[in-house]
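Labels A, B, C and D are assigned to the chains in the order they are written; within every chain, residues are numbered from 1.
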Amino acid sequence: MSLFFAYLSVVAALVSGLAALATDKRSELDRLATSLLRRWPKLHARAQCVFSATHYAEYHRNSLFILLGVSGVSAVLASAMALFSGSVVTDTLPFGLPWLHWHIRFDALSAFFYLIIGLVLVAVSLFGPGYVREFEHGKHSLSVLGFFTGLFVAGMELVLLADDAFFFVIAWELMSVSSYFLVAFQHEQASNRRAAFLYLLMAVIGAISIILAYGVLAGFSGGLTFDQFRSVKLTPVWASVAFVLALIGFGMKAGLVPFHAWLPEAHPAAPSHISALMSGVMLKVAVYGFIRFTFDLLDEVYWQWGLVALLLGTASAVLGILYAMQQQNLKRLLAYSSVENIGIIFIALGLALIFFSSGQARLGTLGIIAALMHCLNHALFKSLLFLGAGAILHNTHEQSLENMGGLIHRMPKLSGIFLIGCLSISALPPFNGFVSEWLIFQTALQTGNLDSGVIRSLIPTASAVLALTSALAAGCFVNVYGVAFLGLPRSKHVASCHEVSHQGMLVGPAFLAVFCVLFGVFPTPLIETLNVVTGQLVGSTLPQVSALGWLWVSPVAKEVASYSPFLVLLGILVTVSACYQVFYLRSGRLESRRADTWDCGFGGLNARMQYTSTGFVMPFRRIFQPVFDIDERIEEQKSGPDGFHTQRLRYHLHVSDISWGYVYQPVARSVLGLSRWVSRIQTGNIRTYLAYSFFTLLILLWGIS
Amino acid sequence: MEITQLSHYQQAILLLAALIALTSFLMLGQSRLLRLVFIFAVQGILLSITTALAADVLDSPHLYISALLTLSLKGIFIPIMLQRLVINMGLHRDMETLRNPARVMMAGTGLMVFSYYVCLPIVKLSPLITLNTIAISMAVVLLGMLLMITRRQAVAHVVGFMSIENGLFFAAVVSTYGMPMVVELGIAFDVLVAAVLFGVFFFHIRSSIDSLDVDQLNRLSEVEK
Amino acid sequence: MAWLLALLQTLLFIASAPILAGWLKKVKCRLQNRRAPSLFQPYRDLRKLWRKEPVVAHPASWIFKATPYIVLSTTVLTASIIPLIAVNLPTAKVADVVVLIGFFALGRFFLALAGMDIGTAFGGMGSSREMMVSSLAEPAMLMAVFTLAMSASTTNLSEAMKYVLDTGLVLRPSFVFAMLGLMLVAVAETGRIPVDNPTTHLELTMIHEAMILEYSGRHLGLIEWASQIKLMIYGVLIVNIFFPWGIAQDFSLRSLGVGALSLGLKLIGLTVLLGLSEVILAKMRVFRVQEYLSFAYLLTLLGMLSHIILEIQH
Amino acid sequence: MIAAYLLLMVPVIGMVVLSWVNDSHLAGRINTRFNILALAASLWLAVDVLLKGPILSNSQMLYIDSFNVYLIVLTAFVGLTTSIFSGPYMAHEQELGKVGKKRLRLYYTMYQGFMLAMYLVLTTNNMGVMWVAMEGATLATVLLVSLYRTPESVEAAWKYFILCGVGIAQALFGTVLLYFAAEQVHGIQDNALLWTVLHEHASALNPGVMSIAFVFLLVGYGTKIGLVPLHNWLPDAHSEGPTPMSAILSGLLLNDALYAVVRCKMLVDGSLGNHEAGNLMMGFGMLSFLVAVLFLHRQTDIKRLFSYSSIEHMGLMTFAFGIGSPWATFAALFHMTTHSLTKSAIFVTVGYASQLAKTQRIEKIRGLINTQPAIGWGLLIGTVAIAGFPPFGVFASEFLVLIATMHDYPWLTPLLLLGIGIAFAGLFRKIQPMVFGDIPKGQLPIRANMLPVMIHIGIVLLLGLSIPAFLGNWFNQATHLISGKFPL
C-alpha cells in the first residue's frame, strides 16, 4: 500500500511536469475542450471560463502546483505508512536493460527521506503560485520551469526507490540534469550560466565516482542489484576504495568542503522555491545515498572511514559558516550555511562509523539517528529560510542584505515566520535545530567507551569545533535577521514594500515553521520512528529514549543525559506570564512611551549610521583571517595640483573562497595546458599525418614479431 | 628449397619481384616528375608480366584477365594520363630538390630488411620459395608510403599511392595465386576511379593554391599560433 | 513535594542574586578604599526601575519589548535547573549542561536582536561584539563540560555533583584545568572587567551595555536583574561542580540548612576573588579578547588531555 | 533473401535516376523516396532474420546475422532521416549560392552511392568485397567534402582522400594475408575469403600470419574509424563538408569501419586464442578517447568540436570491444546505435544553427534558445544526450563500460573517470554560451524541419529507458557471437 502512494507521488510530479508544457497552448486546449464537452452544457460553460484568456494563466499555474502538492502529500502518506508498519516492499519495473529491470525497494530509510521530500514539497507547492506569477511576463516561459521542476522532484523520489545500481544512477543524474536546467533558468546573466556549468560539471564527476564505487561492488558480486551487493564480502583494501569513491561522489553532491564551490553559486541562481527544494532536499538525497552505501551495502566498516568523514564534516561545518557570514547576498549566505549543516550531518555519520567499527552498536545508532534527525530539521528550516528569502525578493526585488532593513514593520507576518527559521537554524533550545545538535553532542560525549586514545582525544576537539560552529551560526543569523528585518530601511524599495499579498506565500513557510516548533518541542515520537529506520538499517535501536516518559528525551540512559523540551517551553511561558503579571498589570499598566532614539545630542540619525552586515561580521573576518581570500583596498582619488586634498574615498572589499585558488583553478589550468600540448599533433601538414600512420604501422609490426 | 631446384618460371617470378623492388627504390630517388611517372609505368608492366607468368604456372585462367587489366590500367592508361597532366600543368620543368637523398635511400634499405624480418614466420610456413616474395611486396608497400612522406609534389603522392596498389596486387598474385574474380574487378575499378579523381583534384588544388606543393595545404591546423 | 522544594530553591536563587551583586560592589569599593553602598542597594535600584515608565524608540518593534521578558525567563529557567542547595531535584532532569549553554545562547540571541532593533551604531556594535565573544567562549565552555562528562560519564548536573561527592576529595588535574578555564569563560560571558566593563557607557568599549543602551524603566530593571542572576549562576556552577561538599543530598531541614550555609560561604569567597581580579586587571582591547579566550580553550583542552592521558588506566 | 538483394538494388537504381534529375527540389524528394524504399527493404530483412535467424544467401555472397542486422536497419533509418534534413538544407544552400545545380546533382548521386557502399559492407560475407565497398564509400564522399570549393574544403578533401587511400591500402594487404592464411588450411580452397567459412576454421588458421594480418587490418580500418594516431583527416572532413554529409559520415561510416574491425577480431581471436587483438584495440581505444577528449577544449568550429566528440565515442567503443567481456561487448553494440542516432541528430541541429548564425565559429553563435527555441533546445538536449546523461541511451552503455572496466581492468578506471569528466567540461563549456544568453542583433529564425531531430532523440530516450525485447535479444546473440558468453 505504501508503495502505491510512493508511485502516486512520482507520477503526480511527472504529470505536473508534462502539464507545464501546456502553458502557451491555450487556444488548442480551448478548442479541444469545447468540442469534447458539447453534450454537457454545465461542464461546457465551466470549461469556457477555465480556458478563457484571462483566467487560463491563473488556473494553469495553480494546477501545476496543486499536482506538486498532491505529490508531496502522497509522499508523506507513503512514508507514514511504511514507517509505522515497518515493512519493506520490493518491486521491479519493466524499464532498464533487458536482463536488469529497474528494482524498487521502499524500506524505512527511503520512507524517512520520502517524508522530508513530502513536507518540503507541500510547502513549496503552497508558496509556488504567488512567487511564480512574476516569471509569467518575464522572458522565460513558465513551461520550462514547470517541466523541469516536475522532472527534478520525480528524479529525487526515484533515487530513494532505486534498488539496483543502474536505476539508482539513472535517477541520480535525472535529478542533476533537471536541476541544471532550473539553475540555468534565468540565463541572461552570465553568472547564472557559469554557476549552472560548474554545477553540472561537479554533478558529472560525482556521478562517475558513484558509478565506479558501485563498479567495485559489481566487480566482486557479479551482478548489479543491491541485494547482490549486500551479500558480497570485500577485502579491507577494496572496501576502502569503494568507500572513498562513494564519499567523493556523494560528498560532491552534498557539498562537503573540498567539493562545495558549486553550491553557493548554483542555489542563488535558481528561483527561490527551487533553491529551497535543492538546498533542503537534494543535499539530503545525497546524504541518503551515502548512508545507503556505507551502512547498508558495505557489510563491514572501519574506524579510519569514520575519522575521514569526521574530519571532512568538521572542516565543512566551520568553513561553511565562516564563509556564510561574509556573504552579502542572502541566498548565497543560506547556501553556504547548507554546507555547514551538511558538515554537521557528516560529523554525526563519522561518529556513527567510529562507534560501529569499535563494536558500540547502540552509540553508532545514536549517531545515525542524530544525523537523520538533522537532515529532517535542516530540510525544514533551510527551506523555510529560502522561501522567506524568496518572498523578500518577490516584494522588494532586493537580494543583498546591504539594502534591506526595517522589514519587520512592513512585513510583520513574514518576519515572524523568518524569526522561527533563524532560531531553529541557530540551534536554540525549544526549536528543532537544537535537538539534533544536542543528540550529536551526546554521541560525541560517549567517547569514554572507545579504546584507542587518539580517537578519544580527537572527538572532543571535533565537538569543540562543532560548538564554535553553532555559536557562529547564531551570530550569522542574528546578523541576517538584525540587518534585514530590524532597524531602519536602507533603500527605497525596502522602505516602500508591503506585506506578502498572496496567501500561499505565507502559508507555505508557516507550515514549515509549525513543524520546526513541533519537532523541537516533541522530539521523542520522531526518535521512536527513527528507531524503526535504524532497526532495519543496522539492526539496533535506542530503547532508552522515552525512559522518562514521552515528554523527555534520554538518548543513552536516564541518568546519563535527559532533556525535556516541552517542560522548557512551559517554564519559559510560565515565567514570561508571571513577569508580565507582576511588572505590567499589577504595577499600574504603565504603557511604554515612544520617543526619539539616543543620538548623543548630535541629532539626525539616519539609515546609513546603522551597522551593515559587513560591519557586523568584521570581527569574525579579522579573527579568522587566514581562512578567507580577502581583497580589501581603499582607493583614494586625489585632486588639486600636487594631490593634496582627496576628492573621493572608495572602500573596496571582496571576500572569496580559498578553495577556488587551491582546488579549482589549478585543475582547470592543468587541463587547458594539457590540451594545448596535445593539440600540437594536428599540425595541418599531410606529410606529418602520413608519417604518423607509417610509424604506427612499423611500431605495431615490430611489437608483434 | 634452393633457387636452383626451382623451375625456370619460378625463377623468372623471383627475378621480376626483384626488378619491381628496384623500380620502387628508383622512384624514391627521382627528382623529375616525368621520369617518376615513367618508372611507375615500368613497374606496372613488370607487374602484368609476373601476373601472366603466374597464370600459366598455376593454370588459373582468370589471372590472364587480371594481367591484361593491370597492363592496360597501370601500365598504359594511368601513366599517360599523369604525364599529360604534368605537361599541361607545366610542372615537367621544375626540379624538386630532394632534401637528403642518401638518408632516404638508407631508410629504404632498412625498410626492406625490416619487412623481411616481419615476414619471417610466414616464409618458414611452407617450402614454397615464392613465399619470400611476400616480404618484397610488403617492402614495396612500405616504400610507396615512404615516397609519399618524403616528396612535396601532389603528383608524387599519387604515384606513391599507385605504387602501393601495385605492391598489394603483387602480394595477391604471388601469395594466393590471385584473389577471386569479383574482388579483382572491384580493386581494379576502385583504382581506376581513384586515378580519375586524382586528375579532378589536381585542377581544384591548382585553382585554390595555384601550386601543387603539398606543404602549402596547412590552413586547417590547430597548433598554438 | 520535590517540585515545591525545586520552586522554593529557584525563588531563593533569583532573590539572592542582587545581594551577590551588592556584595561584589562592596568588595570592589573596599579594595579601592571607597565607601561602598549598602548590600541591598541593588534591590532599591531594581524596585525604582520596575516602577518607572519605559521609553521605547520609534523604530523599535515588538522584539525590543519582548526581549526583557524572554531574557529573564531563560535565566530563571537556567537557575531552576542548577542544584543550589540540594541535589537530585526533579527540575535537574529537565535539561543537562549542554542545554544550559543553549539557554544562554537563546537569551543572548534575543538581546543581540534587541540591540539591533533600534537601528543605531551602538546596538549594532554591541551585538556584533557580543556574538564574537560568545562564539569564541563556547568551545572552551564545551571542552570544560567534556572533561567533566568524561570522568563523571554524565552531563546531568546533579548526577555529576553526586559523582564528585561520592568519589570524595580527589585532586584531579583535569578538574583543575577545567575550573580555571570555566572561570575565564565565566568572566567573558558575564561581561566582567578584563573582557567588558559593565559600568562604563563609553561608546567604543562597552559590549553588554551597548545592547541595552536604549532600555529604560521596567525593561531595564528586568535585564539588570537577569544579568545579576547570570553572574550568580556562573558562581554557583563553578562552586557546586568543583567543590560540592556540603550540598544537601536528602531533603531534611538540617541538611538543607548546612547546604545553604556552605554555598553562602563558598560564594562569598569566590566573589572576593572576582572583585580582586576586577580591581587588578584593566579592560583589554576588543581584539585581545581573542587570545584571552583561546587561552581559556587551551586550558580546558589540557584538562581533557590530562584526563585521557593521566586519569584512565589503559 | 530477396530483401537483401532488393536492399542493394534500391541505391543502385537511385544513383542512376538521380544522376539524370536536374531540379534540386525534385532530386531531394526522390532521394528521400529511395531511402524510404531502402528502409522498407531493411525492415523486411530484419523481420526475416527475426523469424528465421541468421540468413546465408545461396551464393554465399551475403550473410546477415544478429550482429549486422540492427546495423543495417540503423543505417537505412539514419540515411532516411538525414535525407529528409538534407532536402531543404541543400535547397537553402543553393539559394545562398554556395552550391551550383550541377554539383547538387553530383551530391545526390554520391549520396545514394555512399548508401550502397554502406549496405554492401554490412551485408557482404566476402572480406574482399567488404574492402572494395569500404574503398567505394571513401571515393563517394571525397567529392562531397570539396562540394563548396573553398580552399579549406579542397585541402580537407585531398587529405581525406590520401590518408584514407593509404589506410585502406594497408587494409587490403591485411585481407591478402588473411586470404593467404586461409589458403594454407587444406579444408577451404575455393571460397577462402568468406567470413562464415573462415569463422568455422578460425582455430586452424596460422597464428603468426593472422597477427600480422590483424595489425594491417586494424591500422587500415582504424584510419577509417578515426583512432588517434590516424585520425587527422576526420575533423577536417567533417567541418568542411556539407552538414548532412558529416551527419551520415559520423553516424554510419565510423560504425561500419568498427564493424569490419570487429569481424576481423573475431577471426583473429579464434586463431590466436590469447587476448592480443583485444589488447591492441583497448590500447588504441583508450588513446583516442583521452586525446580526443583533450582536443575538445581547443575547438573554435562547432562541427570540428562534434567530430572530435565522434572520435572520443569511437575510441570508447573500440576500447569496449577490446575488453571483450559480455558486459563490455553489449555496451559497445548498444553504444553504436545510440551514438549514431544522437550524433546525426546533433549534426542536423548544428547545421541549422550555423545557417541561423551564418557562421560555424562558436564564439559568434549566441542566444539560440531565445532566437529559435526548437534549434536551441534541440542542440542542448542533444549535447546532454551525447555527454552521457541517463534518461538517454548513451548513458547506459557508458555505465556498462565503466562497470566492465572496473570488473576486469580496475587500474584503467581513473583514466575513464578523468576522460568523461574532461569531455563533459570541454563540450558544455562551448555549447552553453551558444544556447543561452541574449539574441545578437540581426539574428532571425530560419525555416527548420526539426522532425528528424525529434525522432532521433525520442528513440534514444526510449532506448535509454527500456530496450525493446527483439533488440535486446539481438544484442545478446551478437554478444554471445563475439565474446562467447551471454551478459547475465
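One rule holds in what follows: contacts are C-beta pairs under 8 Å (C-beta built on N, C-alpha and C of every residue); 3 or more make two chains touch, one makes a residue touch a chain.
What you see is a predicted model; the values in this text were computed from it and never measured.
Q: Treat touching chains as neighbours and tell me the shortest step distance from chain B to chain D.
A: Steps on the shortest route: 1.
Q: Going by the touch criterion at the top, tell me which pair is linked by more C-beta contacts: A-B or A-D.
A: A-D
Q: What's the distance between the Cα centroids of chain B and chain C, rounded to whole Å?
A: For chain B versus chain C, the centre distance works out to 101 Å.
Q: Please tell me the distance, in whole Å, between the geometric centres of chain A and chain B computed from their C-alpha atoms.
A: A distance of 70 Å separates the two centres.
Q: Between chain A and chain D, what distance separates the C-alpha centroids? Give it in angstrom.
A: 43
Q: Based only on mean CA positions, could you tell me how far chain C sits from chain D in angstrom?
A: Roughly 78 Å, centre to centre.
Q: Touching at least two other chains at once: which residues of chain B meet that condition?
A: Residues 118, 121, 145, 148, 157, 217-220, 222 of chain B touch two or more partner chains.
Q: Which residue numbers or ranges of chain D touch two or more of the other chains?
A: 158-159, 162, 166, 170, 212, 235, 295, 298
Q: Mind listing each pair of touching chains for me?
A: Result of the pairwise touch check is A-B, A-C, A-D, B-D.
Q: Per the contact definition, I'd like the list of chain B residues that touch chain A in the complex.
A: 114, 117-118, 120-121, 142, 145-146, 148-150, 152, 157, 214-215, 217-224
Q: Of all residues in chain B, which touch chain D in the complex?
A: 118-119, 121-122, 125-126, 134, 137-138, 141, 145, 148, 154, 157, 161, 164-165, 167-168, 171-172, 175-177, 179-180, 182-183, 186-187, 189-190, 193-194, 197, 200-201, 204-205, 208-209, 217-220, 222
Q: For the complex, give me every residue of chain A touching chain C.
A: My answer: residues 405-406, 408-409, 419, 423, 426-430, 434, 438, 441-442, 445, 447-448, 453, 456-457, 460-461, 463-465, 467-468, 470-472, 474-475, 478-479, 481-483, 485-488, 548, 552, 558-564, 567-568, 571-573, 575-576, 579-580, 583-584, 587, 590-600, 605, 607, 609-611, 615-620, 622-623.
Q: Report the residues of chain D in contact with chain B in the complex, numbered from low to high.
A: Residues 61, 126, 128-129, 131-132, 135-136, 139, 142-143, 146, 149-152, 154-159, 161-162, 165-166, 169-170, 172-173, 176-177, 179-180, 183-184, 191-193, 206, 208-209, 212, 235-236, 239-240, 295, 298-299.
Q: Under the definition above, what is the set of chain D residues touching chain A in their complex?
A: 158-159, 162-163, 166-167, 170, 211-212, 215-216, 218-219, 223, 229-230, 232-233, 235, 276, 280, 291, 294-298, 369-370, 384, 387, 389-391, 395-396, 399-400, 402-403, 405-407, 410, 413, 416-417, 420-422, 424-426, 428-429, 432-433, 436-438, 464-467, 469, 472-473, 475-476, 487-488
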